[in-house]
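See structure below.
Think of it as A, B and C in the order they're written, each chain with its own count starting at 1.
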Amino acid sequence: MYLREHWYVAALSSELETKPLSRQILGEHVAIFRTEAGAVVAFADQCPHRGYPLSLGTVVGEQLVCGYHGFTFDCEGTCVAVPGQDRVPGRANVKTYPIVQQGLWVWIWMGESEPDFSKLPSTPWLQDAERWSAVSGVAKIDATFDLLVDNLLDLSHETFLHNGSIGTPEVASTPIDVEVDEEMNVVRVSRHMASVECPPFYSRTTGLVGKVDRWQDIEYFAPGFYLLNARIARVDDPPLEDGSDDHAFHMKILYGLTPSSDGKVIDFWALSRDFCIGDDEVDRFLEKMQSSVVQEDVDALNILQARAEEDPHAREVSIKIDKGGLSARRMLTQMRESVSFQ
Amino acid sequence: MYLREHWYVAALSSELETKPLSRQILGEHVAIFRTEAGAVVAFADQCPHRGYPLSLGTVVGEQLVCGYHGFTFDCEGTCVAVPGQDRVPGRANVKTYPIVQQGLWVWIWMGESEPDFSKLPSTPWLQDAERWSAVSGVAKIDATFDLLVDNLLDLSHETFLHNGSIGTPEVASTPIDVEVDEEMNVVRVSRHMASVECPPFYSRTTGLVGKVDRWQDIEYFAPGFYLLNARIARVDDPPLEDGSDDHAFHMKILYGLTPSSDGKVIDFWALSRDFCIGDDEVDRFLEKMQSSVVQEDVDALNILQARAEEDPHAREVSIKIDKGGLSARRMLTQMRESVSFQ
Amino acid sequence: MYLREHWYVAALSSELETKPLSRQILGEHVAIFRTEAGAVVAFADQCPHRGYPLSLGTVVGEQLVCGYHGFTFDCEGTCVAVPGQDRVPGRANVKTYPIVQQGLWVWIWMGESEPDFSKLPSTPWLQDAERWSAVSGVAKIDATFDLLVDNLLDLSHETFLHNGSIGTPEVASTPIDVEVDEEMNVVRVSRHMASVECPPFYSRTTGLVGKVDRWQDIEYFAPGFYLLNARIARVDDPPLEDGSDDHAFHMKILYGLTPSSDGKVIDFWALSRDFCIGDDEVDRFLEKMQSSVVQEDVDALNILQARAEEDPHAREVSIKIDKGGLSARRMLTQMRESVSFQ
């Protein structure tokens, strides 16, 4: 059911410390922690002895000690000590997961095969604090992965669900362009709004007043990474012919979509901007506003999931705004079928 | 399983405003609201687009706008606008339910067929503020419809469960008379108590002290409406031969029994009296005391249901006081069988 | 599944009063109460009339009155009164359970057969306030009976889970001796630690400072009673040849393990000491510290159970410290098989 041979966001970098974090990813419980030297490590969250969660253990130096009976593991998952005897049984090792920190986010490889680093999404906007200022957060949703994809691929909902922060009437009323790259598993949805209202999210950070040109260029890299390229500029002030666009304001709105367990998904987000660099007040404002936008999505998806569980085969009426979401659904279906054919 | 071709109480009139109410009735989620002009409207609580609850939408004039992507419906459930395009798909309409306000209560028709207004219970005591002063309320019970019927048809439980408010020893000790009208689906249970203690519920509102005659004449109109005609009078002071009874105090205790979903029932109540008309203080006293009586029933039924789920076939020992409840059970069984035979 | 023909702790003596206690034991709901004369009585917690829990009833003299419709029972469970009629139906009696108070604990017999008093555990330490001062408590655990047995039979976990109260490094590092008495269904696990750190639990009550000799001699009387004989003494100061040991400090740590329902167990505990007799301050200190030790076990077992439900067949790696727990598992398996063979 899960698409395993991919990278998923496992944690915000700020969540990880020597006290382990317990997180369920693709149905598996994972204990993620930093060693005292700072290395990021991910273990199967289950002691081989009696199954106690290793996330309740303690990091001592470069080792993790289980909190129940003290089985002790090094960073490769090798058991190096057990209580009451000197001999360590060979079967007492714990599974580890490939894990990589990239700026604000930490990615995990959940595949059976060797990690494919060519598939690791590139997120320079979370790693270059000179050019991009970023904030990030995480929310748990009691809904399927697919409902979150639906939500993010159709931004017309901003007008209604996120009215007052990022939603304006023109988002819902402006048609979209959709492109599908079946080879690279990317869905692109573009909505270019000319001379429209600038919502508080952008007006209070860019300082622009009155009408603006507002572009939303979505790139969904199935399954786990979503990038919304937002461009806010004065009316009729497009990028130059050479592509340069220094007079506009750009924001990268990133989502890491990580299936947790059946009917549960984790929603990692980050906002990165090329203006007001290093401005803490803008950081706090965006963090607060985005947290509340995400909470609106969480509430909506939780109730949608509850209703879907009662009536799994409810009919749907689709219209043009759904083209992005329907394309993503088809892509995910194809990817899942191609896994089950293997 | 549900007896659909009947009217059920859907809401207190005081619960309805332009902000929609979400209520599950006979297993169906219903969004109930008033338009800005005041009309009462009931929709299936599910947008035809992506299933989002319409109860989370917004009333604008005489229309409801879905809170997710803005599909817009008029009072007949016809979709009149969708985002991103001018053409409205013909399949995007939403189901509506016949709904009628009668004084303090609002009734809904959940049947497949056309609403049968001859079946709509008559409740003049909730609609004639000159002659009857009424208060009302609602409680949700995590128990089956049938457990609530059992509870209301055997008032001997007042002595034990509602001791201190409406229960006195004589309620349990006085035998009952039971009549069954199979044609009209009515069960009548009468208990006429002569020269008995007057409980606080009546003594503090009527001002009667010492012994009274207290009559309880139940009429259960299966499935959804229950009327307890209570008469409190001085000892040996019966109604006149012409039926007039002005010297006695009368209270109509109404219950609307509305199945919500499997193992859940909604308990609407109203108390209407022909004395202390318009007296706010008496209103507040009765409201408070009845709320606490209803809560005692709710607590009892919740625990009975929890136990019944563990042991669905527990044996029962029935005695004479159970004749009303057993008659109601038989009537409901017959009504259900006659539906499934159709 | 349950081993029924045994005594289990049903309640702390301090829990019982005329207001009945509702407790689920071996899957059965039991109402336990004292009559006004002080007798301890246990009823099936279900009125024969409509199934209402008798634990919600009221004790009047030596009788219990159901809180719903007033069915009334004497201490033998015989129904002696019903509402609305003089004749009491013969089938309206309620099942009773043999129940015995022994000092701080009350034991119940859940068997189908007559109670076997030879199987009733002896607990003189809870009944002789002159020689033994005792405190007791109870905790509910959302875990199987078997997980609690596992926990108590392997005390090496004290070092990690109960660090700071009773755990020291030497508990985990000291090997154990295990003896199994298959005839009497007893598992004995001994760990004698010489010249070791004295944890706060003992140092603050005995006044011993520096190194001590610390013995842990477990006797598990399967299925429901566990006794840890703890001995704390100055280094190299063993019991005399005649067995007398007055210069050492002894504590009896008792657990009553009572299966409640599927995946739930009740953990009764008592601490009895032969020093600081009658010292209230020591009582409060031990009560507080033991409550927090038990809570650490509860938290650990709750999470172990939650994980076990997700993955019931997780592999285990056992080592020497597990010999006691594995012996107890085997004994319980044999006892269950011998029941199902009968």
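What we mean here is this: a residue touches a chain if its C-beta (ideal position, glycine included) is under 8 Å from a C-beta of that chain, and two chains touch if they have at least 3 such contacts.
Because the structure is a prediction, the values reported are computed rather than measured.
When chain A is fitted to chain C on its Cα atoms, the angle of the rotation, on a 0 to 180 scale and to the nearest 5, is 120 degrees. At the chain B-chain C interface, residue numbers used by both copies make up under half of all numbers present, so the two copies contact each other through mostly different positions.
Chain B and chain C have CA centres that are 48 Å apart. The multi-chain contact residues of chain A, meaning those touching 2 or more other chains, do not exist; every residue touches at most one other chain. Chain contact summary for the complex, chain B toward chain A: residues 29, 46, 48-53, 56, 65-70, 82-85, 89, 91-92. Residues of chain C touching chain A in their complex: 150, 154, 156-157, 159-161, 172-176, 300, 303-304, 307-308, 311, 314-321.
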